[in-house]
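Labels run A, B, C and D following the written order; every chain starts at residue 1.
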Amino acid sequence: MATPLLNPPAPGRTLGESLQQRGVSRRALLKYAAYLGGLMAMPASTTQAFAEGLASARRQSVIWLSFQECTGCTESVTRPFSPTFESMIFDLISLDYHETLQTASGEAAEEARLKAMADNKGKYIVVVEGAIPAKDGGIYSTIAGQTNLDMLRDTVKDALAVVAVGTCASFGGIPKANPNPTGAGPASDFVTAKPVIAIPGCPPIAEAMAGTIAYMISFGKLPELDQRGRPKAFYGETIHDRCYRRPFYERGQFADSFDDEGARRGYCLYKVGCKGPVTYNSCATLKWNGGVSFPIQSGHGCLGCSEPDFWDQGGFYRPLSASLHNLGLPLAAAGVAGVALGAGAAWTARRHLASRGQDVATPEGKKP
Amino acid sequence: MTLLDFARGPALEASLFIFVAGVIWRCVGTLLLPWRLVRVEPRKGASSPWVAALKGVLVKLWPYDTFAKSGVVQFVNGYIFHAGFAVVFLLFAPHILFIKGVTGLSWPSLPNNVIMMIGVVTAASLVVALVFRVTSPVLRLISRVDDYISWFLTFLPVATGLMAAAHLGLRYETLLSLHILSFCALLVWFPFGKLMHAFLFAFSRAVTGVRMGQRGAAI
Amino acid sequence: MSEVLPYSGLTGMADAVLSEVAALAKLACDTGETASINLTAMPLTRQDREAIETRLGRGEVEATVDAGGRCDVWETAYAGVWFVRYRGLDDRVATEAIEICPSPLILMSHPDDRRVAATRLGEDLRAAASAAA
Amino acid sequence: MTAKTTAAGVPYDAQGDMSDADRRSAAMRGFLHEFGAVAAAHLETCVRCGMCANACHFYVATKNPDYTPINKLRPFEQAYNRHAGPFAPIFRLLGIAPKVTVTELEEWERLIYDACTLCGRCTLACPMGIDIAELIKEARHGMYKAGLVPDRLQLMDRTARAWGSPATPADDFADIIREAGEQHGIEMNVDLEKADYLVTVAPAELTDHTKALADIARILNKIGASWTYHSEGFEASNIGYINGDIELQKAMTLRLIETAKKIGAHTLILPECGHAYGAARWEAGRWYDGKLPTRIIHMTEFLQETVISGKVKLNPINCTVSFHDPCQLVRRGGVRQAPRDVLKALGTELKELENHGDLAWCCGGGGGVVSNTRADPIRFKAFQIKQREVEDAGAERFVTACGQCRITLTQGAKHFKWDRKVESLLELVADNLAD
């Protein structure tokens, strides 16, 4: 995935220059690069290149589309816990359209989007937040009279790339959960001509978003993605593989419920439904709230929120190895079917034996 | 629907259905045949039929020395893979959770590294069983397609399980899905092949136990 | 995890990290290759981190960088093995790294900064002179 | 009745003028009749572990995989799967269990009759508890219906149907008994109207071992018992049981038991013959609703109770002896201790064969094999197993309690010019009665 993305720097100041203007030294950029590079497990030798790339880049135009969503992703990505780092993303990008954040409203808002699209034709990044309803012509969610589906298609036409932020945009998420009344689907279902990078999570980790965007700006290419379109740097390993409770799993020490001795001792939460083994995300290492904790550390199993259809995995507290559904009734039915089939088979066999074996003397001297 | 969802959902449901229905079908279909008992006046002092049946089931757990010697591969190796399969299937925590999900029953588990070791031994033992089957003239002669299918479908969950636990080859969720699907295949095949001996052995041993018990003869 | 529990909080990862540091330090001497281990992306417990820090100890150099928040840098008891703790504006630790190099990059002045600074120094002097005048 | 070979060169005999189709369906009718839950429990359970092979003297002696016991059941099993198993309708529909062909039946005649003595050692070896010997006996019912029986066995069958015995017409029986009495100087009872003991015989005693007729009389006279031989029911060896001729088996069994009832005998003594015991003691219940109208015991059991009760005293022989356990008496009959008690009472020191009691090797001639000359080559090979064990045991005398075993072993000894005499336990007792 080394597709060159960004055009040569447009006229105007580079990021480095504009930061200098504000009296921010290059050490701050280096620190930022070290920070993100560290999170992305980039080789230390590239930290400098990362920082230099950022310094020489121009601000990236971003159009942020909000569809079937709860704005949790925006909250997560834009609300800095550690202001230095997480707000720096806004030095890197020019957020030209974002329903929730922009001050303009009504027609002015839509004009802003159209202007950004015209000014940066072919160069802007579209961030999609939320799933897109497609049933009945997509009428279940409209903005300014335009369906989400149409707006997505319009906006993406001249875009450089699409970043699907959050699980809804990445995989359909909660709007797509059974029974999916609006026919919702992820951005990748409707965008085929442009690369779609998925930053799933409910919500996604801010650093994953920032790191990915910064990487694209600095290196002018897409980061390496997994088969679901997620940057491997943040989604390369499972929660389980990087979980500090993993040794308990290996030793067979489990919490059987949330208030037992095992839970108090911090044992593995597999039995109470943790989806860590099949969930690819960085929660176990990056953690949340500035590295304070993550669900498992707080005593709750992973919900698997960065995976497709996490809402339909049979319940958050159903162990991964258990079947998705309760099987009591089907198995009772199977039992009845088995008895019926067995009895039927025996009856058929008895008739068959009787009709074919009738002229043989009965050794028992009795009827079979 | 992801492969894992398919495996944990429809695949498991359908295969468990087939398994339960098939097992009962075969047991009922066998036992509801006319019994055709040859009626016998038992030897004086012979144990009651129920005791004799139980004795038949238990005595056959261990071969007579001479047969243990002449069938050492089947006997020793057979015990290894049966015990290994049972331990891995019944004492690995995720498996217990699966069983609990189906039956509501659960029990303590063994640590993963122990399970891994036993799993490797089980897999090796199954390989030995196959090699013996294809190299022994007797076994080659008496073997059916059933024997090879049953072997393969028993080996597959062991192999995929080990691979999943060791993160070998594919991504974990893919391996896990394949593991569950291979188990589904085993469940589907189970009632129709020789694996049914897991249930039917008791009937077979019991009737021999009764027949020989009535005579005061060895079982 | 409360104190009453038998669980030490050590996962064994600390030892793994330390032996990697040792290997990289050796490699750096032989090839001159610098390296950096970012501790943030590792499944370390608080106790693991403390164990690493304690084991490496403190050496001769200690520095504080103030650039978009503080940054604590010190050479560990092992020359060429540096510990860098990046903090945000709120002083919270953002990320930690062990760097194996003669001197961490964060301590170096960037050429661009130096160029601007040199210019600014001249301007400042001139401004001071003209103000004095 | 002509000896034939299949296309694959396997010799077989066939009786009657049935067409192949008729022969096949006759066999199927016979097989089908056996397919009850008991046989099914066995046929459903085989895992093809092959452990039965090493239990079979014919396999061990020849290493021919064809003689693997479970392999001898293949057509029987195939018929079961096609016609009676729980999936039979599906198998028929999909052709998974194809029809048994007449050629297969012809080929398997050799395995079902020549290569199986119904000794049941494989049953003991089977970890699944499959009673292979019993199933082979059941398979013979179909083979007999199809007229696919070795000619020699069929000949005996016809004789027994005509005479009531394969050895002699019933009319001549009384004379044979009287002659034996005269020859050995024993007072014989024959055709008495009332007696407590009905004594029966096996063909070997009417031809080779006539002394046995006198020996039992000597003991019964000694204890002052009321006993008799009877022309209406004397033949205890049951060729129907061996051949799979269930009608003959029934006729022969009923003849014995009805005679015992008629003369008011409380005990029917079976001769030193293994299959006589299997047929009369364990299968007569088929026709008497599981109850026997009279006590049926084997000669060895009679000797045991007579000796143990002290009714007869024996002169000690003071020698070492090895005992060949007849399969039908010991492994399949449960009479394990009786011969050992008697040998002890005779003051002998028992030197057990390596495989003895329940695990003893078959003589190789049971189940009709000794009468079936076609089986001679493998029978002699199997004999060598026993020969080796007897030599290893190193006893002075070699005793058994079954006339067929005795003939088989004697023939084997003669074939290999092995100078060991095979003796009868009855004879040993009769010869050593103390005054």
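Throughout what follows, contacts are C-beta pairs under 8 Å (C-beta built on N, C-alpha and C of every residue); 3 or more make two chains touch, one makes a residue touch a chain.
Small disclaimer: the values here were computed from a predicted structure and weren't measured.
Chemist: Select the chain whose centre, defined as the mean of its C-alpha atoms, is least distant from the mean of all protein C-alpha atoms.
Modeler: Chain nearest the centroid of all protein C-alpha atoms: B.
Chemist: For the chain pairs A-D and A-C, which is connected through the larger number of C-beta pairs in contact?
Modeler: A-C
Chemist: How many angstrom lie between the CA centroids of subunit A and subunit C, rounded to a whole number?
Modeler: 32
Chemist: Which integer distance in Å separates the CA centroid of subunit A from that of subunit D?
Modeler: 77
Chemist: Indicate the whole-number Å distance between the mean C-alpha point of subunit B and the mean C-alpha point of subunit D.
Modeler: Between these chains, centre-to-centre, one finds 37 Å.
Chemist: With chain centres taken as the means of their Cα atoms, state the distance from subunit C to subunit D in Å.
Modeler: About 94 Å, centre to centre.
Chemist: Hunt down the residues of subunit D that sit against at least two other chains at once, touch-wise.
Modeler: Each of 35-36, 84-87, 286 in subunit D touches at least two other chains.
Chemist: Could you check subunit B for residues that touch two or more other chains and list them?
Modeler: In subunit B, 25-26, 28-34, 36-39 touch at least two other chains.
Chemist: What is the complete set of touching chain pairs?
Modeler: Every pair of chains in contact is listed here: A-B, A-C, A-D, B-D.
Chemist: Please output the residues of subunit D touching subunit A within their complex, sorted ascending.
Modeler: Per the touch definition, subunit D meets subunit A at residues 25, 28-30, 32-33, 35-36, 83-89, 141, 145, 246-247, 249-250, 286-287.
Chemist: So in the complex, the part of subunit A that touches subunit B is made up of which residues?
Modeler: Per the stated touch rule, the residues are 238, 240-241, 249-252, 254, 270-271, 277-278, 307-309, 312-314, 318-327, 330-331, 333-335, 337-339, 341-343, 345-347, 349-350, 353, 363-364, 368.
Chemist: Using the touch rule from the top, collect the residues of subunit D that touch subunit B in their complex.
Modeler: Residue list for subunit D touching subunit B: 34-42, 44-51, 53-55, 59, 65-66, 68, 70-71, 84-87, 123-131, 134, 281-283, 285-286, 288-292, 330-334, 336, 355, 357-359.
Chemist: Name, in rising order, each residue of subunit A that touches subunit D in their complex.
Modeler: The contact residues of subunit A facing subunit D are 341-342, 345-346, 348-349, 352-353, 356-357, 359-365, 368.
Chemist: Hey, which residues of subunit B end up touching subunit D in the complex?
Modeler: 25-26, 28-41, 43, 46, 56-57, 60, 63-64, 66-67, 70-71, 74-75, 78, 133, 136-144, 147, 192, 194, 196-197, 200-201, 203-209, 211-212, 214-219
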